Structure formats: C-alpha cells, structure tokens
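Next come two complexes built around chain A: one with chain B, the other with chain C.
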Partner chain A sequence: MIEPCVSSAEPRFQLDYPINESDFLAAGESASKTKKALQQLGLKPEVVKNSAIIVYEAAMNIVIHATSGRLKVIIVRDEVVIRAEDTGPGIPDIELAMQEGYSTAPHEIREMGFGAGMGLANMKHCSDELIVESEPGVGTILEARIHLGQKESPREIR
Partner chain B sequence: MTLRDIKDILDAEVLCGEDLLDKEVKTGFACDLVSEMLAFAGSGNLIITSLKNPHVIHTAEVMDAVGVVFVGGRNPNLALAKQIENSQVPLLATDLLMFKCCGLLFQHGVLGTKRGCIQ
Partner chain C sequence: MTVKELLGTLDLEPLTEDTNLEGQIEAGYVSDLLSDVIANAPENSVWITVQRHINILGVAKLKNIAAIVTPRSLAVELAVIEKAKAEGIALLRSDRSAFEVAGRLYGVLMKEAR
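Let's look at the complex of A and B:
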C-alpha cells in the first residue's frame, strides 16, 4: 500500500472528510467545500477546479463502491495531494478500471448521472500524478497530486 | 447574450440567482451525465440538463458554470429544494425539451464548447 504522503513534511493545509456508503450528498458537498477552501487560499483557478473534480470523483467512487472511506486534501510543499482510502471490494483490474467507459456501477447510480466509467480517467487527466493501489476484498487507496504551479491542464491535450 | 436573454428565449423560470442574470453566456454544454460534465464541460459554460438532482448543482459550482438550465419541466424535484436555496450558480427551468432548448440557444448565438477545452 502507498506510504502516507505527509511522512516527510508537515502539511500547511488539511481537509478531512469521512465518506460513507450511499451518502451521495457528502460527495458533492466535499467537492464544493474543497473548492471554496482552496479558493480562499488563493490557489490558481485551474488547480482549484482540478482538485475539486478529483475530490468529487474519488468521493463518488467511495460512495458507490465501498462500505466506508476517508478523503483527505492536503497541501504539502508545492502540491495539492488528494488521498482517498476506502474499505470495500477493491478493484481487481486497475488497468481496466482506468479505461474510459468501463464501469461496474449499478443501474440506479447511472440514473443519477454517475457510473459512466469516466471517474478514474478524469482524475488522471486532472492530476499531474495519480497512483491507485487496491487489494480485492480489502479496499483501495488512491492518491492524486496536483502541482500548485500547474499551468496547462493535462486535460487540454486529450 | 446574458442569462436574462436566455430566460426570455426559453420562457424559463428563475429558480435562484435572480440578481445574477446579467452574467454573460457564450457557450453551452448539454448532457444528462454528471461524469461527462465533470470530464468535459470546462469553465464558464451554461449547463443544460434534464437531470434534476443535487449533483448537478454541486457539479455546476465545481465547474464554474455560468448557470444551469433544467429542461423538460419547471417543477423542480423536492430533493433539490434545499440545494436550490443555497446554490451559488443561477438556476433556470424551462418546459422545453432538450433538443428544442439547445436549438434555440444555438440559433441565438450560444456556441458549443470544445471537448475537454478549459477556457
């Protein structure tokens, strides 16, 4: 499993959201709160938006697939680090899950407008670095890093 | 083109953000998938959707949308009531269906956004 990202440096900012199974509103709220908090810190609009998108997608993944989880947004050195940890079924094939359009979300999730199989791919596009580690039957840890100096969104090169 | 013009063109009801109707609208993004909005909508778009759940409002906030038009009925879902009250983004609702709504907006000069392009 990935080592905690703050082991070697004290974070200068931290948000911490518990995310529970089926708490769909918590996912959107954590994204909105993240956006406001990062805006108040005066970060670049692109960094703020990409961070909020990653938080939204990561939180929705926990809500949809896991039994419980935790989401942290940390600013350490020159990066925003978003770390999502969950207890749940895990991802058996991460490479497959990263493919746009691949989804195991049930029908009712799709009716809400989610589960299109774009979450992980979108998180990758919005981050400068994305690491996903998972153990089937145990859970998943996801860590996304966004440089504070991010000039052009990686999404522009699609 | 402002949100006020769009309200007239679509004969829409303003659910929230009456004081923000002078905001300018240049491009729109229409879809019923939140994941697609998060992936492709870019900043500064008018989001047009028939999805009526709180995620649309959170997504519009995250994506810096200029506003949201709910198509296919003025009556907002009850689950939306609290979010509508607290929304930072102006929300409009029209009885028009998606295709006609988008057609009218395009005809009046609201353009489509480039896929994945952040403006």
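Let's look at the complex of A and C:
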C-alpha cells in the first residue's frame, strides 16, 4: 500500500470527506466544496478545475464500486494531493480498469449516466501523477497529485 | 447569449422559473454519460441530456454549465428542480427530441458567433 503522502510534511490545508456507498449527494458535494475552497485559496482556475474533477470521479467510484471510504484534499508544498481510500471489492486488474471504456458498473448505475468507463482516465488526464493501489477483497487507495505551478502558492500559506 | 434569450429562441419551458436566467451560454454539449460530459463539455455550455437524476447538478456545477435541457417533455422530479434552484442552475424543458434541440441550439450559437 502507498505510504501516506503527508508523512513527510505537515499539510497546510486539508479537507476530509467521508464517502459512503450509494450516497451520491455527499459525493457530489465533496467536489463542489473542494472547488469552492480551492478557489478561495486563490489557486489557478486550471488547478481548481482539475482537482474538483478528480474529487468528483474518485468520490463517485467509492459510491458506486466500493462500500465506504474517505477522501482527502491536501496541499503540501507545491502540490494539491487528492487521496481516496476505500473498503470494498478492490480492483483486480488496475491496468484494465484504467482503460477508457472498461466498466463493471451494473445496469441501474448505467441508467443514471455512470459507467462510461472514463472516470479513471479523466483522473489521469487531470493529474500530474496518479497512483492506484488495490487489494482485491480489501479496498483501493488512489492518490492524485497536481502541481500548483510557479507563482501560485495559495494566498493563505505563503 | 443568456439563458433567458435561449428560452425564447428555442421555445423552452423553464422548470426552475427565473433561476440563472442571466447565465451566459457560449457552447453546447449533448451526452447522457456523466464522465463524458466531465471530460468534454466546454465551459458555459447548455447541456442536453435525458438524465434527470440529482447527479446531473453536481456535474453541471463542476463544469460551470449554465443550463440543462430535458428533451421530449420528460418528467423531472420536484426534488431535482428544487435542488437546481438552490444551486443556481437552470433546468429547461423542450417537447422536441434531443436531436432537434441540439440542431436549433447549434444554429443559434453559430449565428451569434458570426
């Protein structure tokens, strides 16, 4: 399993959301709250947008595919780190799951518009670095990192 | 153009009444797959979809989508309409198909761009 990214440095900013199976509303709100909070910190629109998309996709994956989990959004040094941990069935073949179009979403979930098999691909596209580790039958840890870029350490932590 | 202008031009029913009528529209997107909308819808879009689950509002917020159009006079739950009002997203409805709404929208936006 991946070492927690925060072990080496104290996070200056942190959001923490519990995410539970079938709670679409809370998962959606975790993304809009993240967007708002990062906007208020004065991060670049691109960074805010990418972070919110990753949070949304990661939260929905927990809601749809896992049992329960937590989602953290942290700013450490010059990065936004989004870490999603869940208890659930895990992903037996991560490479396959990363492929656009691959989905195991059941019929009733697809009817709601999920299950394009694009979530992980979207997260990869929106991050500078994406690590997924999973143990079948136990759960999944996903960590995405987005560089803040030059000249834009957030206002409050400069 | 604004959501209000769109209402008149495309003959849409504003389910959320006067919510976000001043919202700006620059583009459009048609898809019923949420992750596809997240990946590909332009900012300040009108989104045409048959999805009417509460999750469409989260996606709309994420993407700064000003208005969602429900085609074919499909029913939208009151809870979703109320949530859209609270979130400031216009829910509009048409008696036409998604194809027809998109065709008209495309025509209007292209004309405006010229």
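As a working rule, the second predicted complex is superposed on the first by the 149 of 158 C-alpha atoms of A that agree within 3 Å, B and C clash if a C-alpha of one lies under 4 Å from a C-alpha of the other, contacts with A are read in each partner's own complex, and residues count from 1 in each chain.
Keep this in mind: a residue touches a chain if its C-beta (ideal position, glycine included) is under 8 Å from a C-beta of that chain, and two chains touch if they have at least 3 such contacts.
All of these numbers come straight from a predicted model, not from anything done at the bench.
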(message) Once chain A of both complexes is superposed, is A:Ala31 in touch with chain B (first), chain C (second), both, or neither?
(response) both
(request) Check whether A:Gly119 is in contact with chain B, with chain C, with both or with neither, and answer first, second, both or neither. (result) both
(request) Tell me which of chain B and chain C touches more residues of chain A. (result) B
(request) Report for A:Glu57: first if it touches chain B alone, second if chain C alone, otherwise both or neither. (result) both
(message) By the touch definition at the top of the document, which applies to A:Glu46: first (chain B), second (chain C), both, or neither?
(response) first
(message) So chain A touches chain B in one structure and chain C in the other; where do those two contact lists coincide?
(response) 24-25, 27-29, 31-32, 35, 52-53, 56-57, 112-119, 121-122, 125
(message) Going by the contact rule set out above, which residues of chain B touch chain A in the complex?
(response) 32-36, 38-39, 43, 51, 53-59, 61-64, 115-118
(request) Within their complex, state which residues of chain A touch chain C. (result) 24-25, 27-29, 31-32, 35, 52-53, 56-57, 60, 112-119, 121-122, 125
(request) Sort out for me which residues of chain A touch chain B in the complex. (result) 24-25, 27-29, 31-32, 35, 45-46, 49, 52-53, 56-57, 112-119, 121-122, 125, 153, 155-156, 158
(message) Quick check on the complex: what are the chain C residues that touch chain A?
(response) 32-36, 38-39, 49, 51, 53-59, 61-62
